[in-house]
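This report refers to the structure that appears directly beneath it.
Chain IDs A, B and C follow the sequence of writing; residue 1 opens each chain.
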């Protein structure tokens, strides 16, 4: 098993931390994983993305030419990466900010109204966790419980926000069932 | 238990566990997580952190602290390393152990901040003025960063030769799960009778110096340095070989490009092409014997050297192969990084 | 026979290489005597500069690091941070301290690094043969300003002590001279005070010593001392600029 994911959006949408949730969870599952962020001036107010590779063998290259999954949190990100996704791959579209449809027919596409679902969870800032839940439900690369517990670990220093993030994760997970 | 760490953070933590107790540095992208991490972490272990006024000052603080017996380190990225070269040359001549990290960005000039490998010549051929080398490592993974940093001070002190870690922006930013080793017991390290700890008087004074006005004296020093490099070559040279046993095409690359090339080997193998990888881990001394071994194998048809520059390591590769097998070159520049698929396309297009 | 003079233990028996009439020798002795008096024997690390005092490691009887040109304050910072309980001093000339090493000087002072700097100001590059220094006086001739320093073409001399005294990091800054016995005695007192500040951990301490360079000034040793007294002190007035 090797899963290559590109997660992209505006800086501030939590795309880098979304990738880190996957990376930490993979580590807790004893899988090999690399998380590689874009870095530099583009991060300041511009677009941000990270490449995450999860594998049951040691990951060699962290560079992704053809992702198995694209998580696009805004329009420019979808436009930039949509044609790179491998045939048969998956695209998760944040439909709160992206009003257009993917025209490719050789990929599985899921539209998640992340913003609305995050508000349903109780905090608009949890949109990235909603999408994380949706991704885990679709890809099945990691058990629900593992990622759920990762939320406890990564918010250890901010315990107040744990319940709302867990709720967001559940809502996202169930939204694609 | 494993921890998920950025390359830069892992380098900083592994340095601490390997005994680093002094750090001086100056901000420059993409290595800032190293000084940022050490600014609080060194205080926890009773060490000293100085944000220096410049890279020039930082390397000379390392000269002072290392010469005074501490395990001292500095880090920077390409333009900052250029500024440090004067101090590095003095440190090499004064035989002060220390660790210098270069998370390379693209150049020349102010260049860019994305990953590159254009500092290979500077790192492996000396870098500053005069007749010297550093012991240079080119780690490819965060775990390898940890393993190398953890032992870097031991090796540097054993040979009284500064150690350079040649990484790149990608290696600094990437997060991977790592196993961190235990803190080294600094009370059990070998004594440093040469260090200026202040107790020297009369005949027992310690002088840390790189000035040798008499040609005969300077000659002795340079010969001593080079005898040490020979010893380092015998004891410390490292390279990784991957699927080279039956390989007909040998890809060769170091650092992060080395791991990208490893994926390329797997893709090529899946297409029925017998590819293998030779990845130097010590860049100076260069593991030329590994190249010579493969060059002598009849089934090896050729080598493909892959770098994030116009081709610098390829000169050492060619020297090591000594004309026995042809070498092709594939590079990306300016901060662009090739994918494994790009390497495969190059190999298939050029070599088929 | 009664012994009336003993050389300080903090100087080695090596013969100084300085030119006849140069006041580096006096400055060395004053520093070494103070080191002995404060009990720095076996408890002290010096930093030598690049310039005429480049061989200072041959003379001071203690552990010494020879620094790159201008980098003595950075090297001393590294040493003092590693050995905060030891006496650490940097011995630098004006080209070293006030030209190529000005950044290191200012920042070590601003950080309040707790070592002592002995700053020899003789208004010229001695070792390299008499070029203009950052401290060369207006009108003074040098091999790179043969008609005399003209501010229009060569800029102006820098008053380092006054400048550093504006910072919060230094605890003691004084300028002294060595042109007669009275001033030599006062110089020693200032050096002693600077080291005392270091021992008490008060901050960065520096003594600027107006020195003579008969060889490159083209004067006899005595005329050179007079020149320090009558000319140098006009641009570089003696005094204590900071003491906390």
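Basically, a contact is a pair of C-beta atoms (placed from the backbone, for glycine too) under 8 Å apart; a residue touches a chain by one contact, two chains touch by 3 or more.
Fair warning: this is a prediction, and the values are worked out from it, not measured in the lab.
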Centre-most chain [mean C-alpha coordinates]: B
Pair sharing more residue contacts (C-beta pairs) when B-C is set against A-B: B-C
Rounded Å distance, chain A centre to chain C centre (Cα mean): 63
CA centroid of chain B to CA centroid of chain C, Å: 39
Distance from the mean Cα position of chain B to that of chain A, given in whole angstrom: 34
Chain B partner contacts - residues on chain C that touch it in the complex: 12, 41-45, 47, 54, 57, 61-68, 71, 73-79, 81-83, 86-88, 103-104, 106-107, 111
List of chain B residues in touch with chain C within their complex: 21-22, 24, 48, 50, 52-54, 56-58, 60-70, 72, 86-87, 90, 94, 196-202, 205-211
Chain B contact footprint on chain A (complex, rising order): 20, 23-24, 27, 32-37, 39-40, 59-66
Chain B residues touching chain A - in the complex, by the definition given at the top: 2, 4, 29-30, 113-114, 169-170, 173-177, 256, 259-260, 262-264, 266, 337-342
